[in-house]
Amino acid sequence: MTSSTDQIVRADGRATDQLRPVKITRGWLDEAEGSVLVEFGRTRVLCVASFTEGVPRWRKGSGEGWVTAEYAMLPRATNERSQRESVKGKIGGRTHEISRLIGRSLRAVVDMSALGENSIVLDCDVLQADGGTRTAAITGAYVALADAIAWGRRHGHIKGGKQVLADSVAAVSVGIIDGTPMLDLPYVEDVRAETDMNVVVTGGGKFIEVQGTAEHAPFDRAELDALLDLAVGGTAELTKIQQEALAQEL
Amino acid sequence: MTSSTDQIVRADGRATDQLRPVKITRGWLDEAEGSVLVEFGRTRVLCVASFTEGVPRWRKGSGEGWVTAEYAMLPRATNERSQRESVKGKIGGRTHEISRLIGRSLRAVVDMSALGENSIVLDCDVLQADGGTRTAAITGAYVALADAIAWGRRHGHIKGGKQVLADSVAAVSVGIIDGTPMLDLPYVEDVRAETDMNVVVTGGGKFIEVQGTAEHAPFDRAELDALLDLAVGGTAELTKIQQEALAQEL
Amino acid sequence: MTSSTDQIVRADGRATDQLRPVKITRGWLDEAEGSVLVEFGRTRVLCVASFTEGVPRWRKGSGEGWVTAEYAMLPRATNERSQRESVKGKIGGRTHEISRLIGRSLRAVVDMSALGENSIVLDCDVLQADGGTRTAAITGAYVALADAIAWGRRHGHIKGGKQVLADSVAAVSVGIIDGTPMLDLPYVEDVRAETDMNVVVTGGGKFIEVQGTAEHAPFDRAELDALLDLAVGGTAELTKIQQEALAQEL
Amino acid sequence: MTSSTDQIVRADGRATDQLRPVKITRGWLDEAEGSVLVEFGRTRVLCVASFTEGVPRWRKGSGEGWVTAEYAMLPRATNERSQRESVKGKIGGRTHEISRLIGRSLRAVVDMSALGENSIVLDCDVLQADGGTRTAAITGAYVALADAIAWGRRHGHIKGGKQVLADSVAAVSVGIIDGTPMLDLPYVEDVRAETDMNVVVTGGGKFIEVQGTAEHAPFDRAELDALLDLAVGGTAELTKIQQEALAQEL
Amino acid sequence: MTSSTDQIVRADGRATDQLRPVKITRGWLDEAEGSVLVEFGRTRVLCVASFTEGVPRWRKGSGEGWVTAEYAMLPRATNERSQRESVKGKIGGRTHEISRLIGRSLRAVVDMSALGENSIVLDCDVLQADGGTRTAAITGAYVALADAIAWGRRHGHIKGGKQVLADSVAAVSVGIIDGTPMLDLPYVEDVRAETDMNVVVTGGGKFIEVQGTAEHAPFDRAELDALLDLAVGGTAELTKIQQEALAQEL
Amino acid sequence: MTSSTDQIVRADGRATDQLRPVKITRGWLDEAEGSVLVEFGRTRVLCVASFTEGVPRWRKGSGEGWVTAEYAMLPRATNERSQRESVKGKIGGRTHEISRLIGRSLRAVVDMSALGENSIVLDCDVLQADGGTRTAAITGAYVALADAIAWGRRHGHIKGGKQVLADSVAAVSVGIIDGTPMLDLPYVEDVRAETDMNVVVTGGGKFIEVQGTAEHAPFDRAELDALLDLAVGGTAELTKIQQEALAQEL
């Protein structure tokens, strides 16, 4: 692990602990209860929250709501066109894995009994992919979720004074490239990373998910610690950007 | 059929022979060979053209290229969220039908031997649906196709001086509502139409596809003629908008 | 467009505005409520109408019935054996498209409230294909539908004195071959057609569906008109053949 | 087991050891290399043999041919309409089982090296089902197979003087109803049978398949013997009917 | 058929009428209501019986229970790894066929009204395959079924004093190899067999299923008789082994 | 977080940092190149390594091998029977996720160029599930992989003197229950855990995967550290058990 990471300059000119330009556009669609276009550099994900009254059968009568997510990529989001999963007739392992991750991450900050027997589905569709699509999706989906919950309260579907969202949630990727820990990897860095980690953190700075993978070389405790430090710093910044976006008039 | 259609005012204030505001944004993605966001009012379709050298196996050695299209809707493009076809594990009849229509419409203006053994796939993904998604898709896909062909020529994949595009192509929906033929139906008009027709027309004013359906009442020859007149007028305007879009520097 | 079409002789000796020999055999199966073997030359389609009490869930309590259709080909209906869609595990786009067309065409002449909460499924299975299978299917399915409705009335499932069938429906293909508009294309003509149109017409001469496709060359308004004239003439004849078939004792 | 089975009269008036009226119509389609409509009473199966040069990849270079079969039912072949397997997206266990049985039965009489590297697919589609569809299918498929082999020889695809068919093959169902062994069960008898057996026999009287199932009561050796006797008698008759059909000019 | 079969020595040293070493281990899992590891030589099948209250919808209110079975192979049960059916996305014909056979065989000895409205699913998963997997599965599944029924009675789900199991059931494969009938074929014999038969027999010596197939040469009545004799002898021995296994304390 | 975790006694009597009894049985099948039954308490996973010469098409000519894994559960591995994924016709998200995790974990210690163009598939089938099935699978699969590599070398498929395995790999689950970090969770603890982490560690003590999930409450850095300490201790012990198993004569 290189110690003086602050002198290293990345291909796009960023410092090792610097996020790409992040942009969150709320109300991107006309009808959806929450809809956000989130951009981490060139990565662009449309996060749409659909609010419906009622819950899946297995949860009926529980008094609790349900939040779930589906992640997908448009066929030409990537540099080479990939076949549609609808055409293949099945959803791939990677898609499943990310959908589940997004769902878990959002549910971790939702008070299901405060939500009541309502359901919110988050559709995260990657329009353009340049690394970090799952972390952008989580970060954007949180804002869409907040908008959908506000909509549910405005329309009387969420009752009672209880806070539905216990905290906010944001996510970022970190990785070790040529021995140097770096924040928020675009595609060119991602494929070269020895170790790759996605970290989901609450607004309060606690961890929801830590998923570290040794792509090319096992990593030690010191490297793990450095990556976690970078991630905690990056998500704190993302939390601020989310708050600013939500502070604006829709 | 009501004769004095010019006095009728539609819910959105348009004349019966007036298009919704149409907007074509080229280069909407960073990497794709052609990418267009087309808007017919609230209907928004992302049309992406992917150019690859080579053709499907059944066409190898023919000296001819291939153009095909896939149409899909994001789950919350519509007012109520619909299940993803990838999750269902199969593509529905409507999706198949529209994908085939777009592909046929574009192939009708492509000189396959001028294209040479190259393939272009048009992905038309509906981001927001408010009626006329298939006609918007064709209209936008033509522009993305033109950009991808220009790209192919610039990069030396298309050889020879022959024109690849014999003509341009645009499409519009028309229908009879309460006895009045109308141009470019948004969703609220579409569901009320007695007869519904999608017409695909070349820049030169010839027909590529005429698909008329009596949704609620069979139609006679006079009504058919009135609808075709409206469609020919509407597509002439769309042709101009396409030309203007293509005239700009990308 | 060649003007003196009457002197042109087709491969099978027909005039350009002449149907192939058409044969409708009712009661082809022993148990089905309506079953018709329809032949347009060598094209042979078995159209079976299954009548059941009750309607799909989404229509319950509406007081209205439902009519739907499924089209399929036996694997060796065509000259080269094709793989079964059951073996492929999915239904192709063409099959979907034709099934939907048949269903729409029949529903256009059915008074759903007169039918009451009963369902009729039309299975159109192509036993031998020589062009025009979808138009033969519609033409035969109408007769099977009429028999199934009569059965439903005889057995007391259809109540009240209201007419269920508002009109009859027949369909024919037309196309332009070497510049000449022709009626009812067999396979050898179909593959050569510049333009190909399927027209569904009521007994009263009104249009239910007009689906014209430029297979090789866009068509102008005069060609469109000539094709429609041919189709209207052809379907009038088919209507007579349907009436004669239905006039016989079953 | 009742001993005096000769006095028992069945619902359709047959003796216990009597076949239903059997009819074999060759050349039922215009193009297929072999096509037979076989009828066992009301049971009607279309058996079509498709001859193609070449064999599946795993058999290439072996000098041997391949014969396989696919069985299916039209949705309204049965008294109640059943869902298409293409719509379900998968083939059921019963369909698989019968397709495999037909294939094995036919392969048992084919000399694959005499056939040479050619393939024959037998499509057995049940148009109307009244019990015994699999045995009718085998019996008819043999005749279609013989016609396809003759076609292959006539067209020079089968070379050398060696006999391709070592023997003929026919099949019949037998069962015990109210203690009485009976031949060739229609649907009403089939559902009541305590034991049900399908027997496939060569023209020379040897067994290819014996599939006996105790539907309601286990059977003993004497019952098994009585059923086999009936089956051997029935298939001998079917062999004659096949020979007569094949003796006629096509 | 060779007459003096007693002098023939098989590759594994067995006499022609001798079973492989058979081992039945009850209670192989900790939680299942019945779980048996059955071994026929190297063939190892885990048979697990799952007891649940209630029956499938179509059987509700009948007062009768339901027993069904599913057979599968682990991918490396065979000598060459085969692809998982879950990965292929569909179940093959052979799997379907064997699952159905096991289910039928067990249902033949169950008194469904004595079982009451309870369901038992038998999962037979082949851990290692060396011929005879379906017959081992039936033989082992019977023991697991007996344990699950005892469990159901112990826990008060099966009421009344009526016997649920009318008899026991066991199965064995037999075949003719080089003209000699042999009992219980391992894989090396199975692939060489001219004729191959699976026989399912009750404890009382009656037949439930007889499935004989001429793999390479049709067989005559004398051969069929010799095979049945071997099978009846083999299943009588298996019945004893089942009884001994069930006599032990679990 | 409770500090004095050493006094806490778990339901099964273990200390908080104690593994369940772990048992590794090599050579559990007769034919597979590597086959291991691994038991973590009641959790039992059969890990089978299949060695084949050659690599998937996309890797041909690279000189490098390939290692992949498939994870599955028998239907009654869990306390309630679950439907087979082969019957559902698709593989669930959890299965996909775990298969990918096992594959990645093993590939991290394999020198693909030393393996040469050979493939090894690891099939991990859970026979009984009581928590920790994925970590048991990784731990057992490593031993099966080592055996398969030894087999490949013995049979001359792996050439050259280079070490194929750079290190060993083992995995364990850890979690926080009622505020106390605990090692190797059985099912009853797993469902109660606030945070749940799966950690994959090399024999040399470096991390390959760290997957931590806040099931009920976000976790802080101190908790994360405590969990990692437990995991590193547990996997060190598992490494020893693997070494002992591999030291024995097969």
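For clarity, chains are labelled A, B, C, D, E and F in written order, and residue numbers in each chain start from 1.
Please note the rule applied: contacts are C-beta pairs under 8 Å (C-beta built on N, C-alpha and C of every residue); 3 or more make two chains touch, one makes a residue touch a chain.
Because the structure is predicted, anything quoted here is derived from the model rather than measured.
Identification of common neighbours of subunit A and subunit E yields F. It takes 180 degrees of rotation, in steps of 5, to superpose the Cα atoms of subunit A onto those of subunit F.
Among the other chains, E has the CA centre that is most remote from the centre of subunit B. The distance from the centre of subunit A to the centre of subunit B, each centre being the mean of the chain's C-alpha atoms, comes to 34 Å. With centres defined as mean CA coordinates, subunit E is found 60 Å away from subunit B. For this pair, subunit B with subunit D, the centres built from the Cα atoms lie 52 Å apart.
Residue positions of subunit A with contacts to 2 or more other chains are 89-91.
The touch graph of the protein chains shown is a ring with every node of degree two.
Starting at subunit E and stepping first to subunit F, the touching chains follow one another round the ring as E, F, A, B, C, D. Touching subunit F in their complex are the following residues of subunit A: 90-94, 96-97, 99-100, 104, 108, 167, 197, 202, 204-214, 218-221, 224, 228. The touching residues of subunit A, when paired with subunit B in their complex, are 29-32, 35, 42, 46, 48, 50, 52, 70, 72, 74-76, 79, 81, 84-91, 95, 121, 123, 125, 127-128.
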